[in-house]
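Down below are the structures I want you to see.
In the two assemblies presented below, subunit A is common to both, partnered first by subunit B and then by subunit C.
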Partner chain A sequence: MTEFATRALLPAGLRDILPPQAAHEADVVTRLMASFAAQGYERVKPPLIEFEESLLEGSGAAMSKHTFRVMDPVTQRMMGVRADMTPQVARIATTRLANARRPLRLSYAGQVLRVKGSQLRPERQFGQAGIELIGADSAAADAEVVILAAKALVDLGVGEVCVDLTLPSLVPEICSGLDEIDGLKDALDHKDVAAVAAVGGAIGPILCGLVEAAGPAVPALARLSAVPLSGNAAALRERLTAVVELVSSAAPELTLTIDPVEGRGFEYHTGPAFTIFARQSAAELGRGGRYQADGESAAGATLFMDTVLDVLPGPVAVRRIFLPFGTPFAEGQALRAEGWVTVAGLEKVADDRAESRRLACGHLLVAGGVIAA
Partner chain B sequence: MSDLQKLVLALPKGRILDEAMPLVRAAGIEPEADFDNPKSRALRFSTNHPHIDIIRVRAFDVATFVAFGAAQIGIAGNDVLMEFDYPEIYAPLDLKIGLCRLAVAEPVDLAGSDDPSRWSHIRIATKYPAITARHFARRGVQAECIKLNGAMELAPSLGLCRRIVDLVSTGSTLKANGLVEIEHIADISSRLIVNRAALKTQPDELSAWIDRFREAADAA
Partner chain C sequence: MTEFATRALLPAGLRDILPPQAAHEADVVTRLMASFAAQGYERVKPPLIEFEESLLEGSGAAMSKHTFRVMDPVTQRMMGVRADMTPQVARIATTRLANARRPLRLSYAGQVLRVKGSQLRPERQFGQAGIELIGADSAAADAEVVILAAKALVDLGVGEVCVDLTLPSLVPEICSGLDEIDGLKDALDHKDVAAVAAVGGAIGPILCGLVEAAGPAVPALARLSAVPLSGNAAALRERLTAVVELVSSAAPELTLTIDPVEGRGFEYHTGPAFTIFARQSAAELGRGGRYQADGESAAGATLFMDTVLDVLPGPVAVRRIFLPFGTPFAEGQALRAEGWVTVAGLEKVADDRAESRRLACGHLLVAGGVIAA
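Showing the complex of A and B:
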């Protein structure tokens, strides 16, 4: 390998982000955080690394196999690099902010690191931005989180945002008290109705009804209401119905689907959960839902910045103007105040116009006047 | 309509294609004439539906195209689906074609004296290293897999390793190579698969196609 290659090569799943994408990403994050802040979500900033036990506690356990560990030489305890920020924010809410008034609305943005990328998502480091609503357990709280996350994407300019609402705790609720059924999870995960019917036994018809109740929200809810459910399962269904009504009336531009049996990646959710897609992308833009934060009911949403940026139009080109060597500082200041990006010449050159083109400036300043380069 | 907005159906080359085409046609998708021309070098074919194209790729690649959303719908054996275990793929329909089984085989003379319950480490030639490693790990056996893309049956006789994991339909290939099936891993059939994001973002259209394939499979 050449010396350049040796220095340039990064470990798998990590990359440098260059101009103008780096500034674009920061700008998009800022706009998202402003959307969250406008509805009372206050920003917190947890550390990159913390003790493994607290990072992987409760709903954080799902991230165990994705987490980089290092030994803290000071305390001799294991520390984990965050692979997801939600458990950190939940920890802050239930410890340091335990006495803050409820419902508590927090937002966050930061980078996470994962041990291994998947084939579909090879990035090991990517940005997350999200919200957590802690200490409110109602359909209104579920809907607020869904609407805020999805609308923030619409406001950024993501076209055709789709939200898939799920009830990951519904199937475990129906199966509770029964012996574990071989092959059931696999059949449900694949949406294979015939296989669900074959292995489901006595609860097969109910589970098949749930699989068939996936699809566009309105007709799917009608099918779901025909499935005979009782007790907690019926309560979950009522909750989902209420959330669908709230979301569709507040944000009719969203494509809403429901999927009562989707459970992959939602192992720790206790109520309605959701995944956000966009028509142009095969990857999820975000996901979230209801979980338990150390005894308190909470709902949250996380957006994945890498996939969000993929579906957004690229950065808008900035207006750059070249200031020839010796331009008074105040003149540059005045142009910057008008919204120009100024690039100052650091030495006298023969042809200022050629120099401005070389430095990717569309304009230059000549004798106090702006002219095209 | 741009190519990216089209619905793409991915079909596997080879054995399964002959069994799958009657179902595809019964579901109402008729590819252009070039599709049946064995000399054609084309990989992508238009159909009687202006917004649906068919691509013909290797069986393993069907799953990859669909998982990445490059194709929205496809037909793949559950051997391929189990090997990759992509969470982005739904397999809503068993088409009951391409029937066979995935099995462990070893030479006949070894099978007489072998006691699989005493294994701690075995070496296996297979096209399915992930399924094989998972299958043996479940029994506490470490499987060192040698990935081959075909002709697994040669491996034992040439001393590459003593055991193989491969698809078996009639068992005649095993027999011809002096091998015997010693363990059943899974029953295999071909499934209709769809991309998860596509099903969520174009639910009406994809559900309608799943239903039409279901009717076609039930009628077959």
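Showing the complex of A and C:
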């Protein structure tokens, strides 16, 4: 390899974001955070690294094998580089902000690092932006989080935003007290009704009913209502139904689907959970749901900046104007106040107009004012 | 230690930034980047980690002992977590953007991590925001970088911004070809004129003249002009004089000082370099100067977000309004469009006004409109 190629080489899954994408990404994050702030979500900023045991506690445990470790030379203890910000925000809520009023609304945005990329997400570094609503356990709280995350994407310009709602604790609830049923999880994961019926025994019909209650929210909820559920399982269904109603009413532009048996990636969730997609892409834009944060019920949503940016229109081109060498600073300042991006000439050139074009400026400043380059 | 205290504990030099400071920091970075963008600086975003050898190459070598290392499980090669973004931006300029038009104006903002804090900066994680102007070698280029970095701080509201300009390559230039002079560096670092005279031999008088040419820029430059310099040393003085003139003329509100023998922390600089302070604080807000980026002459400036935030007025309080349980989503949206931060009630309460106050909302929405809480 040449020296150039060696120096330019980055580890797989890591990349330099160049102009104009880097500014666009930052702008999108700023707009998302402004949406969250407008509904009372206050930003926190946890550190990039912290002690391994606090980073990987509770819901953070799922991230253990994705987490880079480094030794802290000060304490000789192991630290982890965060692979997910959600457990950090839950830690802040239940320690430093333990005495803050509830419900506590927090937002966050930052970079996370993962040891290896996955097939779905080859990137090993990407941005997260999200919200956590801690200490409120109601359909209104679940719905607020779904609406805020999904509508923030609509407001950014994501074409058709789809939310797939699920109840990851429903199947475990129905199966609780039963012996483990061989092959059931596989059959449910594959939505294989025949297999579920074959292995499900006494609860087979109920589980088949749940598998068949997947799809666009309104007809699927009608099918779900016909499944004979009781106790906690019925309460979960009631909660999901209420959330769908609240979300549809506040944000009719969202496409809602439900999939009551889907639990993959939601191992820690205790109530309604969801995944957000855009119609034009298979990639997840975000996910979230209800979980327990150290004894408090919480609902959160995380958006993934890499996939969000993929489905957004690109950045708008800026209006660049060339200021010939020697232009007084105040003249540039006046143009910038009008919204121009100024590009100053740093030495005298023979042809200012040609120089403007070379520097990708559509305009230049001359004695008479602004002219096209 | 209690379980609570253990979980809340972060490694020394790392911290959680809480509301409202975290949002304030993000807002300040956004405004700085907007200042840079308005003068044609386009943002790049290098990754948090990259291969050790590319991270620590050239001017990056100074960061070696501050850099956390992790093994890349994919390639089995060592990677470093960046301790400084400047070498990354120089790498991007000279590899991926090698064919982009010159002068190349780039900006960046992000977090850096350091293995240990220093006495001056105990933080092991802090934000950097900066600019690089690559491929232009003139007083106008030097001045553009100083003005942009310092005026961005003025525009943020930093009280009195001071820029201390130096010529780190001047003493090495004057001493080049001479045998190493014992004790000279120490005497110069201490600005000890008597000691410089005692050990300086034939060049003692010149060096004493340089030490005495420190202080407020105008009188110090007058003293500097009387020192007998020739060749490259005279050219460096001429460059510094031109930079001071350009900066004073464009930004008369800045306090300019010079210190032509100061070289500490500027080991890689080849022309004018500078440190930015606020009058009310001893901490550096930023630094920068001219250096060689892989064969190209470049000038850059980096601002340190921790010290910048310390000297800024705090965030402005937001106007929070409580929306009683059941308020239609569209009513909240209308209030947000008017600039309100809305805080939705998630369950029915007996006294909405008391609930508003409990949730730190100065106002609440009632049937008749907005009222004070």
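The rule is simple: the second predicted complex is superposed on the first by the 372 of 373 C-alpha atoms of A that agree within 3 Å, B and C clash if a C-alpha of one lies under 4 Å from a C-alpha of the other, contacts with A are read in each partner's own complex, and residues count from 1 in each chain.
Basically, a contact is a pair of C-beta atoms (placed from the backbone, for glycine too) under 8 Å apart; a residue touches a chain by one contact, two chains touch by 3 or more.
The shown structure was predicted, so the numbers you read here are calculated from the model rather than taken from an experiment.
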Larger residue footprint on subunit A, choosing between subunit B and subunit C, goes to C
Applying the touch criterion given at the start, work out whether A:33 contacts subunit B, subunit C, both or neither, answering first, second, both or neither. second
Q. What is the contact status of A:164 with respect to subunit B (first) and subunit C (second): first, second, both, or neither?
A. first
> Does subunit B (first) or subunit C (second) touch A:283, or do both, or does neither?
Replying inline: first
Practice item. In the overlay, answer first, second, both or neither for which of subunit B and subunit C A:65 touches. Key: neither
Between subunit B and subunit C, whom does A:20 touch in the aligned arrangement: first, second, both, or neither? second
Touching subunit A in the complex, subunit C uses residues 4, 6-20, 22-23, 25-26, 30, 33, 37-40, 42-51, 53-54, 57, 68-70, 72-75, 77, 79, 81, 88, 91-92, 94-98, 101, 103, 105-106, 108-111, 113, 115-116, 125, 136, 138, 140-141, 144, 147, 249-251, 318, 320, 325, 328-329, 332, 336, 340-344, 346-347, 358-360
Residue positions on subunit B within touch of subunit A in the complex are 64, 67-70, 81, 86-94, 191, 195, 197-198, 200-204, 207
Subunit A contacts subunit B in the complex at 119-120, 160, 162, 164, 189-195, 215-216, 255, 257, 259, 264-265, 275, 277-279, 281-284
